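Okay, so chain A shows up in both of these, paired with chain B first and chain C after.
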Partner chain A sequence: METDRPDGRTPNQLRPLACSCSILHRAHGSASWAQGETKVLAAVYGPKAGTKKNENPEKASIEVIWKPKTGQIGKLEKEYEMILKRTLESICIRTIYPNTTTSVIVQVVHDDGALLPCAINAACTALVDAGIPLKHLAVAICCSVTDSGCIILDPTKEEEEKMKAYINLVFPNTIVSVLPERSSQVGSEPMAHGIMTSVTQGAMSVDDYLHCLDRGRAASARLSEFVRKNIGPKSTWLGRMGFLCR
Partner chain B sequence: MREIQLPLSQTQKVRLQKALEQLESLSTKVNSDASVIIADSIHVNHEDGVLKGHGTADLNGEVVATLCGVVERVNKLVYVRALRSRYKPEVGDIVIGRVVEVAQKRWRLEINYNQDAVLLLSSMNMPDGVQRRRTAVDELNMRCIFEENDVVCAEVRGFQHDGLHLQARSRKYGKLNRGQLLTVPPYLVKRQKQHFHHLEEFGIDLILGCNGFIWVGEHVEAKDDMIEDQVSQSDSQVLFPNKNCVSLEEQEKNYTILETRKYISRAANAVRVLSTLGFNITLEIIKGIIDLSLSMNLDIHDMLGSEFCVLVAEKEAERRSSMKKRR
Partner chain C sequence: MLIFVISAIDFHMPPICSPIVRPGRPAEASPMVSKQLSNTISSSRMTDLKELSLVSGKAAWMAYLDIYCLDADGALFDAALLSAIAALSHLQIPSIAMNDDGKIVLVSDEDGQKRAQEPVNKEKRKLTLRSIPFSLTCILHKNYILADPTAEEESIMETHVTVVLDTSGQLISLYKPGGPVLAYTSAIQDCAALTRQRVKELNNFLDKANSAMEV
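Take a look at the complex of A and B:
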């Protein structure tokens, strides 16, 4: 059964994506990420010397500061901070810079649903912009389940309030070869099967969860392609110039 | 580090785009397969026993990139050169730093690295030029040599257990006065044999620090130690060059003539134009931009406008085309 969505999208359609890097002058890396009306600005400072009190000084530690659009941070923002910190810790190679702290500041510009995946995508792009070594990229997506059991991707805030349950998923980016011949030999991109982060909200059956995984994994391929196009060395002005001037 | 922020008109945008495409066509033949994104796999011949360098990691027997940048291969070493990252010190680099702290027997300098660099009192020449042991009196007088927020030129000595160590053991290093300090991305400054430049026709000194700090200042003569010894006998104030003195003679020493100050600003704006466009910062290109602005009778502040930046990009494209044909 097809569900008509208020903004005219099909159930598997994402909102339009927009991403720009290196927009803040003083940050070592920064990125702005927008999915539809939801927009997040992420800044990365560091690695800076020193470690916080209860952190492990033999590894690089990551500090996440979540700044809401208005007011003070509450319980929900604290949970977002913790989820974001764990996701970023799992993708960074933390043994290269011991006894350092990398600060990631996430500023919410507007919230129109699916805020946490938008913030994760912005923070990962900002880490790439800062030159922090990463194991792989991460793409985040939100799936939701209606009362009738239909699964839709990337809900808006209006749709979020009507949903029975929803899930935030973070997948690692796929590995593609540098040589174009090898890619054509495979025929299609190999699908990575890992899941980095999974956070559910509301009542969700096991079947719904597995359906959300399939839909999210399929949609993350489009997100991966968008991310790689935007953060590659040839995509930005400075990258092109630095690339040309080698 | 930010994107180009020039308010370009439509005609200037077209001209700039054409110059960029020309530059890209000159370089694409050599570099087309070299750029990687995080988690890209790098093709290597495993039978040769390849070494994995900076910016790469081993994942299931496959070499993958951990940074976005350009793959470089030196014999058996494969590494990724990041395009937007902070300074990576190497022994022997010329760096310019700013003093952030005066601690016991050392100064801490900020050099665009992830920790502060350390300049020990024993790693530098004393202002009077005498080679002797450092005493407790020298420790008490450390703020007379460098104080907080001074700009210092030094050389990377190496990594010790407590961090990165610098040294300033000749007359050409030390405190920098009467000029401008600029900050550019470190990858725009290439490592060369000479990082100290004296522009004689303008009377200014240019120091291209490997960490992206660039100093443009008034020229100072590098005196040898013998003359310094004779001066120190007659004038005890040489021991404390940082002392605040309101006498007319001291003000005369710190005065820089207007013509030299204009040349300093013009050279600094030339570096800013190169940084905005993302071009390599070398002495020849800086001189070329200064001469171009002088020949056009351009005001110093107009060098930062859109029209001049587009013109510089077009001149650079012409220069590389001519170099290509000549080769």
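Take a look at the complex of A and C:
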């Protein structure tokens, strides 16, 4: 292998994923998402009546509250909130519930690197659990570039500090459809190859960025499969059974 | 040292600059632009932080960078980054001496006696900037790319992409916070090409402005 990672992973290997839905009772939707030691809890309330100031009442608006594990909210948390808000706005169908507000609360349980992608995955899963109408899901991944130009996926906190640069990328979920393949294409590229969100830290060449895109797309396909398994008719069926038992 | 420089960058939006901003509460865009600026300046490493050191382990310069927006009409980050770079390239560090008590004293030219102190910085000098980052914000809409949008254009279309390149061609930042339009590889490459062109233009402009100010 090109690079030996401290935890024994190959450069393209993700940390073990864990996902749970419906873990909070008062929330309309909730999800816990863990990638290795990084863990985020997301709760969704809404749609609630009314729209805040500076928001468009003709559409449903989304409010994101980011709670760090320790300390108070600073500029970093404000930036994360805005990125999450814009990402979730772009996957929700906002014309169905005008003049409503949906609150998404993100609580950081532990941060061991690649925190923002973990939070985005948790929030999308929680929106599904709450029954908010979505165009498609979003899958988030973190790629990093070493000083020697090697690309590593899903870095830990320890690896992040040694990296020259890293990128947080969000792609749409891959589409599994019975319709002809033409429907999921946009121009000459499949829809899952489009970038919804990109946030970089550190300097790199444009070629390195494009290489990270390719690696990120391959990893997001695997993440899409994982999400599809965990959010399926199974949880709906279990929910219905629970309802009947009451 | 690095923490000092990062935490001292602030972007202010007073109510004079936009009808959206109300007095008291900070504007929604302010922390976003501040964080992006800190990110960009620390990522590009355009200043050598050792230059700010006076006495190793004891005294160092701390730079405060405050940017006030007077008129907000779109692409705020581009304007903020350009003004930050122009200000840093205009920064002059005064000459400093350390007296017998170990205190740092400003050396003035008139006072002949203070010149007897041991000088730490012998003369006024400018900050050395290495690779300078420049940014370009574009709006994506279907198959179109709209560069340098106004506030009205920004409010109508929701997908913004900000590309930051430095003068050596390195990608400092590619910032796309959501938005309904997906960015494919061809769009990214087009935005990077537009930004490269703008880096050349702005670098020439900055050189001319600094040359004119030296006279």
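Quick note on the criterion: the second predicted complex is superposed on the first by the 220 of 246 C-alpha atoms of A that agree within 3 Å, B and C clash if a C-alpha of one lies under 4 Å from a C-alpha of the other, contacts with A are read in each partner's own complex, and residues count from 1 in each chain.
Here, a residue touches a chain if its C-beta (ideal position, glycine included) is under 8 Å from a C-beta of that chain, and two chains touch if they have at least 3 such contacts.
All values reported here derive from a predicted model rather than from experimental measurement.
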item	value
Which of chain B and chain C A:228 touches, first, second, both or neither	first
Contacts of A:46 with chain B and chain C, given as first, second, both or neither	first
Touched partner set for A:195, first chain B, second chain C, both or neither	second
First, second, both or neither for A:89, with chain B first and chain C second	second
Which of chain B and chain C A:156 touches, first, second, both or neither	neither
Which of chain B and chain C A:210 touches, first, second, both or neither	second
Which of chain B and chain C A:133 touches, first, second, both or neither	first
Partner chain in contact with A:100 - chain B first, chain C second, else both or neither	first
Doubly contacted residues of chain A, that is, touched by chain B and again by chain C	172
Residues of chain C defined as touching chain A within the complex	20, 28, 31-32, 34-36, 38-39, 43-45, 158-159, 161, 165-166, 169-180, 182-185, 188-189, 192
In the complex with chain A, residue positions of chain B that touch it	1-4, 20, 23-24, 26-27, 31, 33-43, 55, 57, 59, 62, 64, 66-71, 81-86, 114-116, 163, 185, 187-188, 277-280
In the complex with chain C, residue positions of chain A that touch it	54, 75-76, 78-79, 82-83, 85-90, 165, 167, 170, 172, 186-187, 189, 191, 193-206, 208-210, 213
Touching residues (chain side chain A, partner chain B) in the complex	20, 22-25, 28-29, 46-49, 93, 97, 100, 128-131, 133-137, 172-179, 182, 228, 231-234, 236-246
